[in-house]
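What follows is a single structure, written as structure tokens, with notes after it.
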Amino acid sequence: MLLTTLVLGLVLGGTYALLALGLTLQYGIARIMNLAYGEITLLAAFILVFLFQGLGIPPLAALVLIAPAGYGLGWLLYTVMMQPLVARSGSSGRLDVDSILATFGLLFLIQGVLLVTFGANFTSISYLDRGINILGVSVALNRLIAFAICVVVGTVLVLVLARTRWGLNLRAVAQTPASAPLVGIDVNRVARQGFALGTALAAVGGASIAMYQTFSATDGVVFTMKALVIVIMGGVGNVGGALLAGLALGLVETFVATAIDPGLTLAATFAIFLGVLLWRPQGLFGKG
Amino acid sequence: MTLLSISSATKKFGGLTAVDNVSFNVAKGEIIGMLGPNGSGKTTLINLISGDLPATSGRITLAGDPLTGKRADQIARTGVARTFQLVRILPSLSLTENVMIPAVFGAKAHWGETARSVARDALLRVGLADRAAANAGQLTYIDQKRLELARALAAEPTLLLLDEWLAGLNPTELAEGIALIRSLTDSGITILMVEHIMEAVRALCPRVVVMNSGRLIADETTETALTDPHVIAAYLGEGHDA
Amino acid sequence: MLEVGNLTVRYGKHVALDEVSITVGAGEMVAILGANGAGKSSLLGSIGGRVRPEGGSIRYSELDLLSLPQHELVERGIALVPEGRGIFPGLSVSDNLALGAFPARARAGVVSNRDEVLALFPKLAERRNQIAGTMSGGEQQMVAIGRALMSAPELLLLDEPSLGLAPIVVQEVFAALARIRTTGLTVVIVEQNARATLAIADRAYLIQAGRITGSGPAGTLRTDPAVVRAFLGGAAMEQT
Amino acid sequence: MTDYNRRATLRAFSLGLAAALSVSASVAEAADDTVTIGYAVARTGPNATGAGITTIPNYELWVKTVNEAGGLAMPDGTKRMIEVVEYDDRSSNEDLVRAIERLASQDKVDIILPPWGTGSNLAIAPLMDRFGYLQLGVTNVTDKAPEFVERWPRSFWMLGGGHDYASGLVEMLSAAHDAGIINNEVAVVSVADGFGIDLINGARPAFEEAGFELVYDESYPLGTSDFAAIMNEAQNSGADSFVAFSYPPGSFGMTKTAQSMGFNPKVFFIGVGGAFPIFPGIADGKADGVLAIGGVNADSGAIQEYFARHTEVVGNPPDSWASAITYASLEMLEQAIAKVGVDNDALAEELNSGIFDTIIGEVKLEDNQLRDLWWVGQWQDGAFKGVNPADKEGAADPDIPKPEW
Amino acid sequence: MKLLLPLVALAALAYAPNLVSDYGLGLLIGAVTYVTLANGWALFSGHTHYVSLATVAFYGTGAYTVAVLNETLPYPLVLVAAAVIGATMALVVGLSTLRLAGVYFVIFTFGLAELVRQLITWYEVNITGTLGRYIFLDVTARDIYWQMLALGAATIALTAYVHRSRLGLALRVIGDDEVVAAHSGINLARSKLIAFVLSATILTLVGAVASPRSVYVEPAIVFNPTVSFLTVIMALLGGANRLWGPALGAVPLFLIFEWLSSNFPDTYPIFLGLLFIAVVFALPDGVLAGIERLRASRKERTA
């Protein structure tokens, strides 16, 4: 019973964490609170299905195409849409509100395009749908793959951020953007990279969700909310925190669903979220 | 009679002690200068008095009533007004409105015509009465400084804290500024002023306190202080030979 | 090497710098002295690309600095240690130093530069894994200067390195600056601590109310009453 | 395997576009030789998926069919073409109410077709009543239909109530239990909204009365996307029967989760979505044996022809629950108009009293309600067939226990 | 007279149902509803610059209150109950959240609507065993319109009053500089709380008054987050810190949405998205500020 909760919770939490990694980078580094985040994951999900069913490309191979495409899309979005807002806001702090409103528009835009292109139907594929026994608990292989993607991507990201020069630059901009130009870092460029990387991660998250979950063009806001909850819990811009918070949220939801009442899972999610915001706005795993 | 009493005020930011066990008293009606090099903790001490920051330890009282532990707005209502080192005006409000605020929300809580007339008087005093309806965002730097002083005056304070109010003025403006502050002391307001412009300190303050690295290093007459080797060293450094 | 001509800086309607001109030769250490609010930081900030002047020119080795964005300057060999230090408080000491070596010009010499910095500030070697923001003010200043040196600069701009430090730490910082000076680096330093600065600088400019009011070799200025007057005004000079 | 076919969706889209473009023309002309039919259905928002599967395609298919045949037959023997006025209700009741007011008072359409969903239909019922329109509600499941008919005499309720489906299911399970195929334990989950609550409230007493024990009985919120924990609990409950009163995302998610974890109850029943044409794809081709709400007489020639035409025109087959009824309701409307014209009062009268020949067979309403419905259906040989009521014409025998995934 | 024009307009609007079709009345109701929402929102957020996305949390609570109580209490009392519940909720929320700043406040309010919805759902499912509720009230569209118009007029009057009151002055100071506000004797927490509660009470009442328009109420229906966003964008478009700004933003946007959704049902979200983005880019401070800027620059040119 406890073991089951643990295994199922971790697998669920893994996909949550994967979903949140990109958002935490986008807000942490580029300072853009991207409300269209869920729509971008959905876009990737639809594209994965199209590549799989339309062109016969296996999902794991499609991921290799989708990730760089996501990076490109993020790069473009930042350059065309976000950068003017960043430039306009300066240090006035209105960027938060501007980006929330602008990406809310983007949310509708992408949703509209999805509806027109792919229709309102539920979409899903069956891919590696068989169960695998983990410690006596049966878990779908595709979910394990998604979990593995999360672990791999998360670990690589943590390592890249901690160990590489590029990662250090990203962290520097995330923490103290005002100091970055002093060492020759072009904040704008790094912010663009961070936003693009976040978009790429959103795409990877969406693509791995498409491997096991049914979705439709109007589901984006659900993904955004989940990611937002995790990002806040983990501490904005904190990749390790997002990983931990994602896993923790998966465990909590599974625990609430099994031990208390499935009807309270979402309420528990939001209650924790609001609690964290009030008690530790810097996140459970943030410093200070 | 002591109006403001500071005893063992201390403020720590993490590992940094910005104000370190500072004690001194200010008598009613006195005008006292606070000197010290940049970063010596003067503004932090002002912030402790005005309630902008809570003190880590120590006790500050105004006419015997404790200020420590009170919020800034409560302290403002006990009759403490201040200006800020970096001018803080309210750009979207008119001059009259800017100045009215402490009259409305301060100790006396005026409203309507009374508040306006208090604001008008304060503006008149700093020489801005003719521009009362303008938006504060359009003012020149010196006028913004004047406006800030007018706002502090409209609180009809018993204690006025001036944080480098004279900084950045040209010689003519400086002379006007000094005259203005003098006229205030004549009307009985107690003033504690942080100032770098020594001419002004000399002209206005019979007594100064000097801070360095968070500590109070001198509390004496201005003449003594300005020739005190400790004070000069604090300003100019020790002249280490390297 | 560095020529600042008729530089004017305004904040709104407040004139912070009024047609200021200075020159700094290669290998020189030049001090800018003046009271609080005189315009020292605006001058240094303009050279370092943090402040956008309204008029005038800043040329550095035939290069028009005003046309470059701030982050490009480091690549050209100009390192600024601003007032407030501008370090990355959330990162470790070694990360801060590593970031100093961000410009391409500095990457080849990372190892030797780091050794030099650590030799200059042995404390940083001991504390390389400490989060910079948790260190004392003096140590943070060392991180800031060390980080600037990591970028292999030709011109180092220091804004009030002794600000808010305890006297004993000030001493330590100036001792380090004196050693930096012997490496032949060009340095412009803005300071309130006139005595310590004049003890190590070659030349100095006095700045009052946004204008240059005096200049000369450090040795001469050390005994010039004008310096004291710039800080303490009239009466103090007789006693010094 | 596939629910998504690009060409098909594009075709559906262009069809919709054509319909939308015809809007302006119809309003401008509004001549006597046409019948204007208006509707406001969700094209965006949460209701868009349901409306996009069940409601909009059938409206479009019917209009196209009628117009290709020369238009609606009138009592006087003439034929009048249908012109469509269509709005998006954005899945918001406020917008829906306004759209109905617009159709009624501005566009002055002859007939208003109902929106998708119980809440939407209830939201406009008083308006439709006040404006004098008949409301041919199909996609509502409510036990209060008789009450509503009394309140709004021109309203029609054609999909039964929660109790009906619950009793149908219990009746079928009782038979299986009596035959000794399944034990008396049931694990049931329900979605926390009006629909799920209606069904579970009907099911609880019915199960109890029939001697079943609900060993697991929980509701889950709308928007739940992970069912691993729920399915795991259900599996561990020891029940032979798993029953979910769910919406499509839940129905699909539970099916996939059950498959991957090897949960093979003897009875696997899901709610809305089980009868969707995409379901076999969701179930990875292993849909056979799955029970769900709804059903059709899969052996009927009319139904087969309807499925074929729907697939051809819309691009994908209809769902096997409300789609056929939606289409049948339109056929009834068509036949009623042929008898009494477009007067809504006369139409309502005729609809309630007449006997109609539709794709779901001969239809006779009782008190403005369609009672002759399929309560439970099952995937058998790749088709979703009605299995309960067992005595209904064309009923297939339920296949219990369900073959393993 | 400064009062004359608004009063004449109000009288004209009150008479308008006699002149228009039912659809026209529907449009009027929609427009007045959004004007009231935008105004109610701006009462707190306009001056303080705290962007609240909790509008629908209160709006939905209002609608739900009517749904729950409409059979047990007389209608006016139901409205009073809605106001009390909304105010109490705002008080609790305000006390706990007003220390959050910037994006944290925005996100909190966004999550709040969702939490309220989940809790109501859970309560209804597990405690009362009914989820969908019916509102069978004898309230016609005209009644709703007049009630909403009265509420809207009262909101604008209240806003005008607040603008001239101590509270309004305090809020403007808080929006400009909280430090100065505190040092001038303004009790930040109390001023923000009062404004938040006033604003939330209005938003709750809007939900309550509008609810009889739909007979059937369910949490998923009344807690539609789009309402929160539309309110924000409408208020910002017009200019949230001006008396007539929210109204000026709400009316045209409402009409544009209506036009788009009836003429481009498929591509409507795309246009809506583009419109949003355009507003953020082109009119960052609202239409009124844009007009003022234009006037100022023209004056400068002629001078």
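Should a chain be cited, it is by its letter among A, B, C, D and E, assigned in written order, with residues numbered from 1 in that chain.
Quick note on the criterion: a residue touches a chain if its C-beta (ideal position, glycine included) is under 8 Å from a C-beta of that chain, and two chains touch if they have at least 3 such contacts.
Since the structure is predicted, the reported quantities are computational estimates derived from the model, not experimental observations.
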Sorted by label, the chains bordering both chain A and chain B are C, E
Min route length, chain touch network, chain B to chain D, equals 2
Looking at Cα centroids only, farthest away from chain C lies chain D
More Cb-Cb contact pairs, comparing A-D against D-E, go to A-D
Chain B to chain E, mean C-alpha position gap in Å, rounds to 43
So, in whole Å, the Cα centroid of chain A is separated from that of chain E by 31
Per the C-alpha means, the centres of chain C and chain E lie apart by a whole-Å value of 53
Note: chain D residues in touch with at least two other chains are 13, 43-46, 192, 219, 221
Residues of chain A that touch at least two other chains are 111-112, 115-116, 261, 263, 266-267
Check: chain E positions touching at least 2 other chains come out as 118, 121-122, 125-126, 266, 268-269
Full set of chain pairs in contact is A-C, A-D, A-E, B-C, B-E, D-E
As the complex stands, chain E meets chain A at residues 49, 51, 96-97, 100, 102-104, 106-108, 110-112, 114-115, 118-119, 121-122, 125-126, 225, 229, 232-233, 236, 266-281, 284
The chain E residues in contact with chain D across the complex are 21-27, 29-30, 33, 118, 121-122, 124-126, 129-132, 134, 136, 141, 210, 213-216, 218-221, 224, 226, 258, 261-266, 268-269
The chain B residues in contact with chain C across the complex are 14-16, 37-40, 139-142, 164, 167-168, 170-171, 196-199, 202, 212-213, 223, 226-227, 232-233, 235-242
The residues of chain D that touch chain A in their complex are 1-4, 6, 9, 12-13, 43-46, 48-49, 51-53, 189, 192, 218-221, 223-226, 228-230, 232-233, 248-249, 252-253, 256-257, 259-263, 273, 276, 278, 281-285
In their shared complex, chain A is touched by residues of chain C numbered 49-50, 69-75, 79-82, 86-91, 95, 98-100, 102-103, 131, 147-148, 151
